[in-house]
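Chain IDs A, B, C, D and E follow the sequence of writing; residue 1 opens each chain.
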Amino acid sequence: MPPTDVAGLRLDGVRAAPGDVEVLHGLDLEVARGELLVVLGPSGAGKSTLLRVVAGLQATTAGRVEIAGRDVTGLRPGRRNVSMVFQSHALFPHLTVIENVAFGLEVRDVPRSVARERATAAAAAVGCAHLVDRRPGQLSGGERQRVALARALVREPDVFLLDEPLSNLDAELRVETRAELKALQTRVGATMVHVTHDQTEAMVLGDRIAVLRDGVLEQVGTPDEVWRTPATTFVARFLGAVAMNLLPADGPVVPTGAPTAALVPDRQIGFRPEVVGLGSADGAAGVVERVDVVGEDAYAYVQLDGGPTVAARVRAVGRPAVGDAVTVGVGWPETHLFDAGSGQRITEP
Amino acid sequence: MTDGPVVDEPMVDEPMIDKPMIDKPVVVERDREHRALGLMLAPYVLGIVALVLIPFLVTIVMAFADYDLVRAPSWVGLDNFVELADDPIFRAALSNSLLFAAIAVPLRLVIALGLALLLHRRAAAVGTARTAAMLPYAVPEIAYGLLWLWLLNPLYGPINQLLRVGGENGATVLGRTPPQWLTDPVDARAAIILMSLFTIGETFVILLATRRALPGEVYELAAIEDATGWDVVRRVTLPLMAPVLVLLLLRDAILSLQISFVPALVVTDGGPPPYSTTYLSLFVYRNAFEYLRYGYAAAATAVMLLLTLAAVALQWRLVRRLRWLGRT
Amino acid sequence: AGGAEGANDGTGPVQLLVFGAPEELEAYRTLVAAYEVAEPGAEVQLVEASDREDLIARLGTSIAGGSPPDLFLMNYRYYGQFAATDAIEPLDERIAASDVVDPDAYYPTAMNAFQWQDRQLCLPQNVSSLAVYYNRDLFEQYDVAEPPADWTWSDLLTTAIATTRDAGGAVVRGTESEGGPPQVAVYGLGIEPTIIRVAPFVWSNGGEIVDDLDRPTRFTLDTPAAREALQNIIDLRIAYGVIPTDAEVEAEDDETRFLNGRLAMLMSSRRFTTTLRASAGFDWDVASLPVYANQVGVLHSDAYCMTRGSGRKDAAWRFLEYAMSADGQRTTAATGRTVPSMIEVSTSSSFLDPTLPPANAQVFLDAIATVRPLPTISTWPELEDVTAGILENALYRGDRLDDAIREIDELTRPIFARGEHAAD
Amino acid sequence: MTDGPVVDEPMVDEPMIDKPMIDKPVVVERDREHRALGLMLAPYVLGIVALVLIPFLVTIVMAFADYDLVRAPSWVGLDNFVELADDPIFRAALSNSLLFAAIAVPLRLVIALGLALLLHRRAAAVGTARTAAMLPYAVPEIAYGLLWLWLLNPLYGPINQLLRVGGENGATVLGRTPPQWLTDPVDARAAIILMSLFTIGETFVILLATRRALPGEVYELAAIEDATGWDVVRRVTLPLMAPVLVLLLLRDAILSLQISFVPALVVTDGGPPPYSTTYLSLFVYRNAFEYLRYGYAAAATAVMLLLTLAAVALQWRLVRRLRWLGRT
Amino acid sequence: MPPTDVAGLRLDGVRAAPGDVEVLHGLDLEVARGELLVVLGPSGAGKSTLLRVVAGLQATTAGRVEIAGRDVTGLRPGRRNVSMVFQSHALFPHLTVIENVAFGLEVRDVPRSVARERATAAAAAVGCAHLVDRRPGQLSGGERQRVALARALVREPDVFLLDEPLSNLDAELRVETRAELKALQTRVGATMVHVTHDQTEAMVLGDRIAVLRDGVLEQVGTPDEVWRTPATTFVARFLGAVAMNLLPADGPVVPTGAPTAALVPDRQIGFRPEVVGLGSADGAAGVVERVDVVGEDAYAYVQLDGGPTVAARVRAVGRPAVGDAVTVGVGWPETHLFDAGSGQRITEP
């Protein structure tokens, strides 16, 4: 086991170009041993490419990859001691579920009975105990995904690389599996890189969150940091079930208690729908354009008189109706400030 | 590129054998290890290459010599080729071979493909068909020759007997005389092609396997879009099977220069006169073994070889078209 | 096969199925050309098979296929299987009606060999026996006496030993007994271990090949006389090393070896003459077969046969008449390939051309008087194939002769039993 | 089941040609339409079947007759088979054929597979290898026979010349005499097998195409698990290629009963004595065409056929094992 | 166009058995023309099988399928005029993106230029305009999914069948695509069956939601119905980012204002984390066991003294800490009542 003071995973200026187009443009990233890093980013940002680079499935064109203190840049995948779930839930089509899960152990010469035992346990952990004798062709999408996860979890590698491992699971199963993942990671003490676009998953599971955009890291920080102090408008809007409202700093919404010096024209203010106060007086006036009900909550989209639309979360019970005239208010502490040109966060002056 | 793990990119310069199903490139072992493996297998590869190339080169060299298998060869430069160009028998053999290849090769492939596409779905049919397809291989080609002779006998052969059913005075129902398989030049050539259809079994089985290995999903996609039989074949099946199809086409084209050998020798003996079914292979055989003009035969072989290369080149163009089929 | 070309409706060229070395084929082409000149409008097409097996295969399949060639040329040893199946047209009536073909003009041994159940099926084109070809230059170089006219087996052995030399010209024994592989540059003798080569010596030693020439049921090689003759042949290789090893034969067959000047003597029939005349770069001649007790030769003869299924029998007969005529016989004789079956031509200068080697051509004619035929039985090809392998192993590998003889006997009895005979 | 659209279930009773990549069954056209298609193609299927079956049945029938190609066949019941059982030549031919098949077939497949697995990654190597593999087909087999005769010539042949390099007195460096290809029974059999290695080109190219069609993903999976070369081959590649491998094995086994025909005829002529390289096919040929014992030859052919069936049965068992390989 | 009074899609006692095991056990379902039905259900419930039955890719063993008033039970897929996105995002591997999207039009003999034009538009609608010349092998997971969606949207069929079409997309793209979907469906007036496990998606997008469990429909209703009056405990727990709390009706939590007659032992009460009041007095006492922060919200899991754990949503700002002693309260109107044995909802007596 490597000394605990070295990073679980470190990328230094990593560039990669699958299909001859550069996708990762020099990433620097350090993940501590035992840390769970969630990678977020829009479709096509390079998240899968990043995982493949770490796994050794994608060659780097520059930079270096270190796992548990070892430089693995030149090593083949098998020598990197990583475990991976592919976004496509790849499985061996000719092997049964149990054989698929046990594969990694058996090729590493774990005695067959031990391998089967551990594989059975791993399958059970993701709720696939009843499927062990099926082949991948006989599984539903979610079942296949869980088997792929079991495949990755059955070993105890230095780094787990999970590419949207829960995307095909329902909420309940997802919560369960998440807990399972967290427990496993804590037990094994392995570093984990987890790609997802489930906000809740990212927030709940991640020790830190890395936001990737077009092959460049926009921000890396704890969920709280990323949520509360998004480094850019991109990060700000990217997180949240309904994106943060971004408006010109000079109106029409003026956060209550804002220093006027902050609200200059080349800036933008941002605030999340969750913190918007909808009232019938006081604030920027507008008309409710659309209301989406999501369980106990509802999102009201208010068309302000000044032009922009603001989303606001309200209780589903007693929500405003479409066409209602409302005012939009927000407090200065809940408001973020960005440079309108660069999109960079401005720490209040 | 660093000295890291190498990931092969899809080989774009390789239209023939492609991996239509592969989305992600294949990981290879580290270069170093690969080199070791290569080194280990080198003598073996060399041996095979030598086994393939030596006889081949000898043939080429012999094409420029006079050699009767007894006396030492004597160099004659291009004489053999000059003589070939003037040899009416060679010209007949050449055009016979080309005609045969032009008709039999596509015909065989189309029939085999048709059967494969027709039968790939039915388990029972597949098993039976596969067995039937393999049967001809269990009987030596030369023994078949004799059977064909009997089958094709213009008077007593069952094929013509059958054709004559219902007809009068030894004519078919349509009033035509049945084909004079062994004596009419055109009919004899047709007979040889007919015989060559026999050995489509292997092609059929390979196509069957290929078809069955195609992913079912794309056919579901096509089914939902109501792509009809021909559309599916043209836009989905053919492009996806293209690598194998081209491979078989290539092989068949090459083999076709020889395949007609045994039937032509045993059944028609190169006739009807003068040389209706004298194919290049028979020409080579006769010159080499009957007339002991080995150098001359080697020159003819060299021509066959050129033809083969031409066929390969042609196929490369064809594969491009096949792939384009799926796009239009 | 062979004659698939052309409908058998009496039109088209007469087809003649033959095989042979290029020089032999040339001889037939000459004959055909001569015929077509002599008989304007007549057409004969040569159908050339690559070897004896090929010829038989083609003949069989074409007969079965219903379109046989009109004529074919075949050795009397092999025609039995076709004679037995009635595939050959008897020629007695045509001979009787012909004013060209007079049966008495031909060597009777040859004529008799082609009589099947008292009918003349084929007409012999040639008649020949084995002779010993020898390289006179080599004999001169090694200062060895040329074979005398009436030489014996031991003369042959002595001569062979004397002419087996290494690269330095010293006499060696081509056996491995001295340790290390033999380093022979020139071997004394070439002989095939086949029943047809063995037969004259068995006969000469007073033995027999088969128990009954007319209705043979077994080989009689186990008689002391036959056994001794066989043993002597085997000793050539095993004891004296005067004939090439099997590997050497595979590497370079006897005829090529002789042509290349590395074989002093070769036992062969007249057919070798053509090749020698064309290619030998040295002086050569022929000697008669050595004898034990009495001079005996073995009959070699090929004949033109007409297929029963031929559709052009008259045209074919006309060609046959020409080929058997003095003119025809002279034409083929001039190629050197054959000893004409027509007595008159064989003794003429067409055959005994003094300007062409071999000088001793008379030995072929002298031998005719003493030749004996092998039995005519339909399964003879099989018998030859079966015995060849066993004899070969006895000669080259040194299998015990008695075992070989017993094996031959055991293996061939059923084949004899299956056979049909000319005499039946 | 309603009269609705029929979805073929994976054909579990069809281990030979399987669709390892297919997760979902393939949709077929409505039964009605399928029937129409079948009807349309029926005569064509019938024709092919007839072409295949008639000669085949004739052979079987002939096995119970005496037939000399000229006189009408006469029925002899099992006589031919009884005689075969006692025929030492047949026994030699049979065991030679079996030996050949037992050695050459797996050897050919293993070598072709090895080459395919070695070369499938390199575009350049693939192209070259494929061309080289096809070359032997461009020269008639019989012409090759002659070349082999020269190559294998025990004294002057280049193979033995090469083996003798460095040795003394015509021995190899190791002091052994070089193989007596044409005169020693064991060496001659080895030579025939050596010659048969020539024609692995096609097998190689098919395996290459098959290997290249395998999904890259599973190899990425295996790479991450650090499955080493042999593990990958055994657990991934072989099971996934199994359908094609078995197909080729089957074909090779069947062809091997004939493939030795031309070399054995031209190069060794069935020898060294007595019957070291007399294979069943040569036996059949000789009896049918040289000895005009067609019925007897047909009986031997029938035995070949039985052997073929046995080979097929064996292969079915083998495929099971091959699939199991991936599981252990 | 069929008369507007017939159902867009109707299933009558449909049974299906892929792999010879019955997966759908006699479904009855009617979807109105132009309606968007979201199908929810745990992994392996039979959602994909249901779509495949409608598409004609999976034979029924019993029952009948009607599309736009036509009995299509016996028809092959192409004749049903449906459009489908497969859960695996199946695409033709040998065709480029644009060729893939245009395929359905071209085989239907739409002129090539028109087909290409519409395909380009469809690709642009899902944000794949820049990818049109790529092949599937050169796309990221999300890109492939979007192309698969474009394939389905390019036509105007009677029924759209979408099997988790947005599972690999990030929140922002998902919102956009959702809007695109809704707009399209409104424009075309097609019936749409949409499988998802994204709660928000289901709530926002669905006209009605069908909850499938083990091949049986548990409940079909509007999002509001399903959320507010779940027919069974299964439905109740299945919806919601964090599942509804289910506790014995006889304690420890007693909803304020509950009629005591309702709270008998063989019943269960259920209430969502969103409606739980966490206080320091009044209510069932417990200790905070775990707190998950999700953006502005946090979920506190309170271990009650009586044994069970209750989840409660609180604001992230000012959330309780782990170990805090709190009380759990809930109002009777927000409480659901279920039969403890059957799990069936009990309409208040």
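One rule holds in what follows: contacts are C-beta pairs under 8 Å (C-beta built on N, C-alpha and C of every residue); 3 or more make two chains touch, one makes a residue touch a chain.
None of the values given here were measured: they were computed from a predicted structure.
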**Item:** Smallest number of contact steps required from chain A to reach chain C
**Value:** 2
**Of all other chains, the one whose Cα centre sits farthest from chain A** = C
**Asked** Highest contact-pair count belongs to which two chains?
**Response** B-D
**Centre distance in Å when chain C and chain D are each reduced to the mean of their C-alpha atoms** = 40
**Complete:** Rounded to the nearest Å, the gap between Cα centres of chain A and chain E is 21
**Message:** On a C-alpha centroid basis, what's the spacing between chain D and chain E, in Å?
**Reply:** 56
**Asked** Just curious, how far off is chain D from chain B if you go by their C-alpha centres, in Å?
**Response** 17
**Request:** Please set out, as single numbers or ranges, the residues of chain A touching at least two other chains.
**Result:** 19, 56-57, 76-77, 88
**Two or more partner chains touched - positions in chain D** = 20-25, 27, 29, 69, 217, 220, 223, 285, 289, 294
**Item:** Where chain C touches two or more other chains, by residue
**Value:** 57, 61, 64
**Asked** What residues on chain D touch chain A, complex-wise?
**Response** 10, 20-24, 217-218, 220-228, 231, 235-236, 239-240, 323, 326-328
**Message:** Going by the contact rule set out above, which residues of chain E touch chain B in the complex?
**Reply:** 55-57, 76-79, 82-84, 86, 88, 90-96, 99, 103-104, 107-108, 112, 136-137, 151
**Request:** Going by the contact rule at the top, pick out the chain E residues touching chain A in the complex.
**Result:** 19, 40-44, 47-49, 87-88, 127, 138, 140-143, 145-146, 163-164, 167-175, 197, 199-200, 203-204, 223-224, 227, 237-243, 272, 274-275, 292-297
**Asked** Can you list the residues on chain D that touch chain B in the complex?
**Response** 8, 11, 13-14, 16-29, 37-38, 41, 44-45, 48-49, 51-56, 58-59, 69, 111, 114-115, 118, 121, 123, 126-127, 130-144, 146-148, 150-151, 158, 194, 197-198, 200-202, 205-206, 208-209, 212-217, 219-220, 223, 229, 243-244, 247, 250-251, 254-255, 257-258, 261, 281, 284-285, 288-289, 294, 297-298, 301, 304-305, 308, 312
**Request:** Spell out the residues on chain D that touch chain C in their complex, using ranges where they run on.
**Result:** 68-71, 83, 88-89, 153-157, 169-170, 177, 180, 182-183, 271-275, 285-286, 289-292, 294
